[in-house]
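Report on the following structure.
Per-chain residue numbering starts at 1, and chain names A, B, C, D, E and F are given in the order in which the chains are listed.
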Amino acid sequence: MRQTEELRVLGLEKGVQLHAAGSCLVKLGRTHVLCAASLEERVPGWMKGKGTGWLTAEYGMLPAATNTRSDREAARGKQQGRTVEIQRLIGRSLRQAVDLSALGERTLTVDCDVLNADGGTRCAAITGAWVAVALALRAQGLGSALVRQVAAVSVGIVESGEGRRGLVLDLEYAEDHQAAVDCNLVAARPTLGGELELVEFQGTGEGRAFSRAEAAGLLDLGLAGCAALMDAQEAALG
Amino acid sequence: MRQTEELRVLGLEKGVQLHAAGSCLVKLGRTHVLCAASLEERVPGWMKGKGTGWLTAEYGMLPAATNTRSDREAARGKQQGRTVEIQRLIGRSLRQAVDLSALGERTLTVDCDVLNADGGTRCAAITGAWVAVALALRAQGLGSALVRQVAAVSVGIVESGEGRRGLVLDLEYAEDHQAAVDCNLVAARPTLGGELELVEFQGTGEGRAFSRAEAAGLLDLGLAGCAALMDAQEAALG
Amino acid sequence: MRQTEELRVLGLEKGVQLHAAGSCLVKLGRTHVLCAASLEERVPGWMKGKGTGWLTAEYGMLPAATNTRSDREAARGKQQGRTVEIQRLIGRSLRQAVDLSALGERTLTVDCDVLNADGGTRCAAITGAWVAVALALRAQGLGSALVRQVAAVSVGIVESGEGRRGLVLDLEYAEDHQAAVDCNLVAARPTLGGELELVEFQGTGEGRAFSRAEAAGLLDLGLAGCAALMDAQEAALG
Amino acid sequence: MRQTEELRVLGLEKGVQLHAAGSCLVKLGRTHVLCAASLEERVPGWMKGKGTGWLTAEYGMLPAATNTRSDREAARGKQQGRTVEIQRLIGRSLRQAVDLSALGERTLTVDCDVLNADGGTRCAAITGAWVAVALALRAQGLGSALVRQVAAVSVGIVESGEGRRGLVLDLEYAEDHQAAVDCNLVAARPTLGGELELVEFQGTGEGRAFSRAEAAGLLDLGLAGCAALMDAQEAALG
Amino acid sequence: MRQTEELRVLGLEKGVQLHAAGSCLVKLGRTHVLCAASLEERVPGWMKGKGTGWLTAEYGMLPAATNTRSDREAARGKQQGRTVEIQRLIGRSLRQAVDLSALGERTLTVDCDVLNADGGTRCAAITGAWVAVALALRAQGLGSALVRQVAAVSVGIVESGEGRRGLVLDLEYAEDHQAAVDCNLVAARPTLGGELELVEFQGTGEGRAFSRAEAAGLLDLGLAGCAALMDAQEAALG
Amino acid sequence: MRQTEELRVLGLEKGVQLHAAGSCLVKLGRTHVLCAASLEERVPGWMKGKGTGWLTAEYGMLPAATNTRSDREAARGKQQGRTVEIQRLIGRSLRQAVDLSALGERTLTVDCDVLNADGGTRCAAITGAWVAVALALRAQGLGSALVRQVAAVSVGIVESGEGRRGLVLDLEYAEDHQAAVDCNLVAARPTLGGELELVEFQGTGEGRAFSRAEAAGLLDLGLAGCAALMDAQEAALG
């Protein structure tokens, strides 16, 4: 059994989407997310004429990715609140990775589509999408625009259920379901070297509120997890 | 000028919406949010037959509440991602205040509508909505279902601009705009007495990433702000 | 008890929305509508290049404004037919107040949001919005574009129920519900002095048809009510 | 040239829609509207169990019915405000024709689709739809549920342009465009005999406000026009 | 009774829509479709600057056109999949009739609205719309842009039910319902003379799959039907 | 170079979606489609109480699957006409594979999501989805409900461009773009042995019409291609 501070088995497969400027299929245990980065020669209306670029993200889940088939959002004609929230988080996180002014008036669009969901899809998406973005920028001769490395992980406090207990890293769906507190932590470090810092921390008491001391523990464990993920990202890029 | 650890002037006016089971117009400086709690004899489909209740929240902003008039979401036919994210946060936070099983198969719907926006509307909404919920439960003879007091505040790190600098509590719009790091913190404490704990902490590096030590400072300042807000809530309820 | 030809207690509170060019919270008994007028430097596409301005109106009702909570239109993704009808009426009526050619290529957008509903919200909205428009034009140095004063009132024929009977002015919700005939009348008079005239008259037989003579009575009573409202508007503007 | 108080040439062709319980193609000059009445064995949710019926109306315009092709509402995914307003008027008007309690829990749905538009389509729709409803009720053995005859006509005040001037009955599109005041009047009379009364009167000052005396003239002319239309309806039914 | 290889009684009435550049009411037995062609001085965004034109089609069905009233798509806010499929077929088919480069940057919009449905509405729409397009082009002095004549018919294999059996031409609704195989065939021939060819063939096994030999029979019968329809189109145009 | 009557390299990878009852990643050259079949304990409303089951299909394309990134349909809030058409075809085709009455009141939902698009995605989807359906039925002990094998292929007539010319099987995107005639053919054969028959044939003249003889050639080539695909399906199932 995994230790409480251990990540699931991680895979980062490059080039799965043949047309994308950069793509990466990230597998974290049974959570599989296909990430692609596309570079388009346009910026949103409100950015025109500023000479700088933009990065935006979209997230989706294949209907059969979940234990019980979920509705197709395109068929329902509406993205769920959860989807909107996740894709805003992914975009915000990856904008910390890129020097947008070095892009010129171009938009990097990141697509994250979950093929199999077993907890932690938004964090896996961020970790995999960073690899796709790095590949896309290099392929376009814009490698110097990549100023920070970004990765994300979930941490939580699990009190009931079998298996791992207490402060737990990288929760599977079953663990997430039993967690009293559930957090997502996004971290960054400069590509030219430097300290790991926080880009985003979202902690939610699902079953109960949590103490100031527990918050500290969650931050520390999450940062450690992100450091390990970043080593894997570097290895994948070669 | 306000000190960096000081809240804006706070007002909690009860009963502004005549038909609602409970209502409260919260004013935090120039941010004014009208909060109402309605109790309906139904639960969402997926909860039927469980004998327990539900609490959900909706958030809106009057078009003229902002410096430049914003689009009316009802006319555009779609709630913005920001709106969806905020109302999910409000709902999640206030569900910590209520023992849902004590409601029976009923739904408390919380409406938060911003009349004037000057930063921190989602936190003001949570603080005011808790008063509306408390009033509604008491009015319906369900006062014992109110198990925790909940309040929220924004904290941030401001580096540029005039005025307050560094770790700052309860940001106005102008400060929020200049903040490098922007956080929302929701806290709870048992109505029967006990420690202040965290319900939700969302910290985002807007302009830069932030260190582990800065995260700790943000948590501490936010908890202090929530404690002050809770005293005001108690005073308002009498 | 009010006499059949008597208005409810009227209040016109200015400046409630801090960012709007002009705003007015109109209270007519227990009907409270927040009205704001915003001036934007654009006109609809079909008006571009004509050198003249436009006025448009939007109407909404807070979910908790009614006796039983109503759905939030932004959440349903669609404005109701009733809403569309009302905001078209408000816009049409207030366009009679303004010399659009004196605005230049600018749009006055009027927002009317009902905080509490107890009958006659569309008429109260028109009466309050006229004050907001007047304030906005003066604040922008466009006071001479205000060429007519506009106010609106409901009139009806009540046959059943307790209280006021027969031809009745300014119906509350309970009266409106019992009315056999229900009318809304919008009147105007030149700001430089002149006769009160009709801008719009909408009479509907809800429970029964009504005679030519009854139509005459409704017109006369409605015009008298509008005259009283206009005096109050003038007093509010000072 | 038509006199100011004269209707256009009227035709009422029955049975054009082969499947409908009742149908009527109404032609008023160059305005042609296809009206159908369908009887369905259901009522809206809020009417269930009351033992009474309902009547509702829908209105549409073929894209090629207007001088310049208009958008297809089904393709745009939204009915225009004007459409919603018109179909609400048609429904309200025809509910005065039918004793809904005599229908049982059934819904009469009236469809009015404009094949050619030359002004006055909503009034023509009401006049033609009444014939369709009468035919449908008779065909279903529910003739006694038809308690009133309903017809509608437009009246206006035309001040500019060539041709008819002053108070004018049954405006063509070109006249409607030049009208300073534009009204729609719906009238009813009991099928068993009795006085003509008003069901709805909507008068709008488009170019200017109008006086109390002008309102009286518009009412009188409109009632006279409706009387003539009702004679034609009776003749068509035979 | 009709023979298996016989068309229903056909009528092609011109000029029913007064404002359209060209219009034709096609009647094939009890299937009646009103077709209009409008010429607009614009092309879709992706065609701008190419100096060539476009032809697009929209299809709708009046709610009362079917045996049981169907929902109005404009009211539901969405066109059905069936509708979208049909209007794409109509557009594709009629683009074979017109030399788009001879139109200049203009769009021919074809509207096909079913007044009465008794099977084969999409084929009737194509046959009638071709007449409307021909009339519109001639009226605009663009007759030379009409390079091919286009018509369509349904064919099927009927195995059960009374009446016509086996390979059957031009199915009524009742026959279509009983058909094991259901096909739509669109054919074209040059306006300056030449062979009849296929524009589109869609054969679907509804109740069972069909053999290669049956496919051949369906093609032959459909082509024969189209030849007969083309003779009628020519006669109608005169 | 491939011969004109040759398929692209085909792969059928089973079990890629971990939660689905059956899944298959079909690769036909550079066209990759992920297909899943889910069995749900419900049927559409109109089928309830009939004791028989249903099969429905949904189709989507990941935004980065195409050469230029395409819009995400869930974000646009609407499925394109092309998508609707394709998923109707997939559903219709696979319903020929299953004895729906043997399912009981259950629905098989087939999801086909294109990961990489290089022509022929709808045909690849049908071929792969049949494998997913077969796996799902076997896994649920419903293997006897699988009564026919179904596969699909594209065929066309290519006249310009380099490479394969004339009647061509299994078109890549570049070939499809140059094709004058473009067809999709779906074939079936009984799982217990029997002749290959047609389920659906859709031939469209994109650049020109096509002759009766060419139609015959397209049918023959398509049937041969389907036979080869079916052998591969059988091998994949083992």
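We take it that contacts are C-beta pairs under 8 Å (C-beta built on N, C-alpha and C of every residue); 3 or more make two chains touch, one makes a residue touch a chain.
Only a predicted model underlies this, so the values are computations on that prediction, with no experimental measurement involved.
For the pair chain D and chain F, the distance between mean C-alpha positions equals 51 Å. With centres set at the average Cα position, the gap from chain C to chain F is 59 Å. For chain E, the set of residues that touch two or more other chains comprises 77-78. Under the stated contact rule, the graph of chain-to-chain touches is a ring, a single cycle where every chain has exactly two partners. Read round the ring from chain C, going to chain D first, the chain order is C, D, E, F, A, B. Across the complex, chain E meets chain D through its residues 16-20, 23, 30, 34, 36, 38, 40, 58, 60, 62-67, 69, 72-75, 77-79, 83, 109, 111, 113, 115-118. Contact residues on chain A toward chain B in their complex (touch as defined above): 81-82, 84-85, 87-88, 92, 96, 148, 187-188, 195, 197-205, 209-212, 214-216, 219-220, 223.
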